[in-house]
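The data blocks that follow each hold one structure.
Next come two complexes built around chain A: one with chain B, the other with chain C.
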Partner chain A sequence: MGDLSDALAVSASGMAAQAARIRHVAENVANADTPGYRRKLVSFETEGQAAGMAGMAGMAGAGGAVAGAVRPGPVRLDDAPLARIFDPGHPLADETGYYDGSNIDLVVEIADAREANRGYEANLKLFDQTRQMQQGLIELIRR
Partner chain B sequence: MFDLPAVMALAMSRSAHAGDRQALIAVNIANADTPGYVPRDLAPFDPDALAGPEAAMRATRPGHILAPGGIAPAAAARPMPDERAPNGNAVSLEAQMAKAAEVRRGHDLAMAVYSASAGILRGVIGR
Partner chain C sequence: MEIGRTLAGLLSGQAAGRPGAAAGSAAAGRGTAGAAAPWPAPGAAAAGSLAGAFAADFAGTLAEAERAAAAALLDRGDTHVLVQAITSSQLAVETAVAVRDRVVEAYQEILRMPV
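Presenting the complex of A and B:
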């Protein structure tokens, strides 16, 4: 039973991590036309492995998470060059008529969102299956 | 004192194996996008290892009555070639979902055996 409870916690951490990822995708898409906006990138880390890197995070990882659970790492900014957009009438345009747009590629963002969706659904399906297995064990006692 | 019938003990260890494996699959799926993560799995459930050598099925030749080791079961397929995403992750969601279905089947089987045995015991005491 303890293993099944751990499995539930790990699946929940996977859903939370994919949700954080899709939130960053939403920020990126919403700011695709914001001048000077740089794409936000988030990478995932495994609890327990990263606890060693964090130093004093302790054995169970920060916040007492189950070993093997996943959490989103620090947000980084994509340092790809910003798009140069020609619009002499724009208030930010320099003397050549260009201004800095964002470095968001909408196709990349949509692909990332699809992948996050797929990961989220896999975690959700496993969470549901684990819950049903646990429920089955409880039913054995009830009879 | 009352001993648990062997078939119920076997069903319990089968269900414990399913629980352990489910926990590992949950970790694999949660880390399907973690850079550098390589999935892990348990060895298939082997009741002979629990019960000792005399519990193994007798066979005249390899492959006879599907003795263990005669025909390799699907679960013992060779490990997949090390196919990795550009970030070093080696988890295949499809393979993990297939394993989860296998775990579910084993767990349901163990519970069916356990509750049928419990029903027999209940019948014996006349309720």
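Presenting the complex of A and C:
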């Protein structure tokens, strides 16, 4: 049962990683109008990668996660230039009448959200598929 | 947890005794003794036999599901962990019940055998 239950754990880690991604997209969209806000980027890492292929057959990586599972990596900030917004009445505006907005592009954020959604659906589908395989196997002894 | 312990007990050797008590008083004495002989004692089963290892693993899976459910109810857990734990425990219970049914069925088959 090892491989099938490991597959369940890996799919669950994939869903958790996509959830972390959508969380950061939500943060970015919420702060689209915050002056000086920089877009947060999250990249994924494989669990137990340092152990190499020898660790793949073994059980747990750090924190009880299955080797080969995915986890969200450290959050980085997008260093694209901030948008210069002209609004002389704004309290943050300098003597030229401009202030630094955020570097969020809503189109990019929505596309990222859609991608996270698709990734989540794929992991959910695989989770269900694995469960059905295991249930089919148990059906055999039940006759 | 009670269900887990009962099923774990049933799988680890007490299974040989219970259906005997339910199967009928006339054959119960001889039948239980005959069926219990190839099974290790409940205490020894946990030591290292396949059934004991399976029962311990099974109880561990159920305990993990309960821990995840409690954490989720207290708003401290991850829903993905909860769903994964509940799915594994569901599959473990299904396996245990299927194995138990097969053991009881085999035992009753022996009881029905004309001597």
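The definition used in the following text is that the second predicted complex is superposed on the first by the 132 of 143 C-alpha atoms of A that agree within 3 Å, B and C clash if a C-alpha of one lies under 4 Å from a C-alpha of the other, contacts with A are read in each partner's own complex, and residues count from 1 in each chain.
Following the convention adopted for this analysis, contacts are C-beta pairs under 8 Å (C-beta built on N, C-alpha and C of every residue); 3 or more make two chains touch, one makes a residue touch a chain.
From a predicted model like this one, the values you see are computed outputs, not experimental measurements.
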item: Joint occupancy of chain A by chain B and chain C, clash or fit; value: fit
item: Partner chain(s) touched by A:Val107 [first = chain B, second = chain C, both, neither]; value: neither
item: Partner chain(s) touched by A:Ile141 [first = chain B, second = chain C, both, neither]; value: second
item: Chain A residues touched by each partner, larger count belonging to chain B or chain C; value: B
item: Touching partner for A:Met133 - first (chain B), second (chain C), both, neither; value: first
item: Following superposition on chain A: angle at chain A, chain B versus chain C, Cα, nearest 10°; value: 50
item: Contacts of A:Glu45 with chain B and chain C, given as first, second, both or neither; value: first
item: First (chain B), second (chain C), both or neither touched by A:Asp3; value: first
item: Contacts of A:Ala69 with chain B and chain C, given as first, second, both or neither; value: first
item: Touched partner set for A:Ala122, first chain B, second chain C, both or neither; value: first
item: Smallest separation of CA atoms, chain C relative to chain B, angstrom; value: 9
item: Chain C-contacting residues of chain A that also contact chain B; value: 1, 8, 13
item: Sites on chain A touched by chain C in the complex; value: 1, 5, 8-9, 12-13, 15-16, 19, 127, 131, 134-135, 138, 141-142
item: Sites on chain A touched by chain B in the complex; value: 1, 3-4, 6-8, 10-11, 13-14, 17-18, 21, 43-46, 68-70, 115, 118-119, 122-123, 125-126, 129-130, 133, 136-137, 140, 143
item: List of chain B residues in touch with chain A within their complex; value: 15-16, 18-20, 22-23, 25-27, 29-35, 37, 93, 96-97, 100, 104, 107-108, 111, 114-115, 118
item: Residue ranges of chain C in contact with chain A within the complex; value: 78, 80-81, 83-84, 87-88, 91, 94-95, 98-99, 101-102
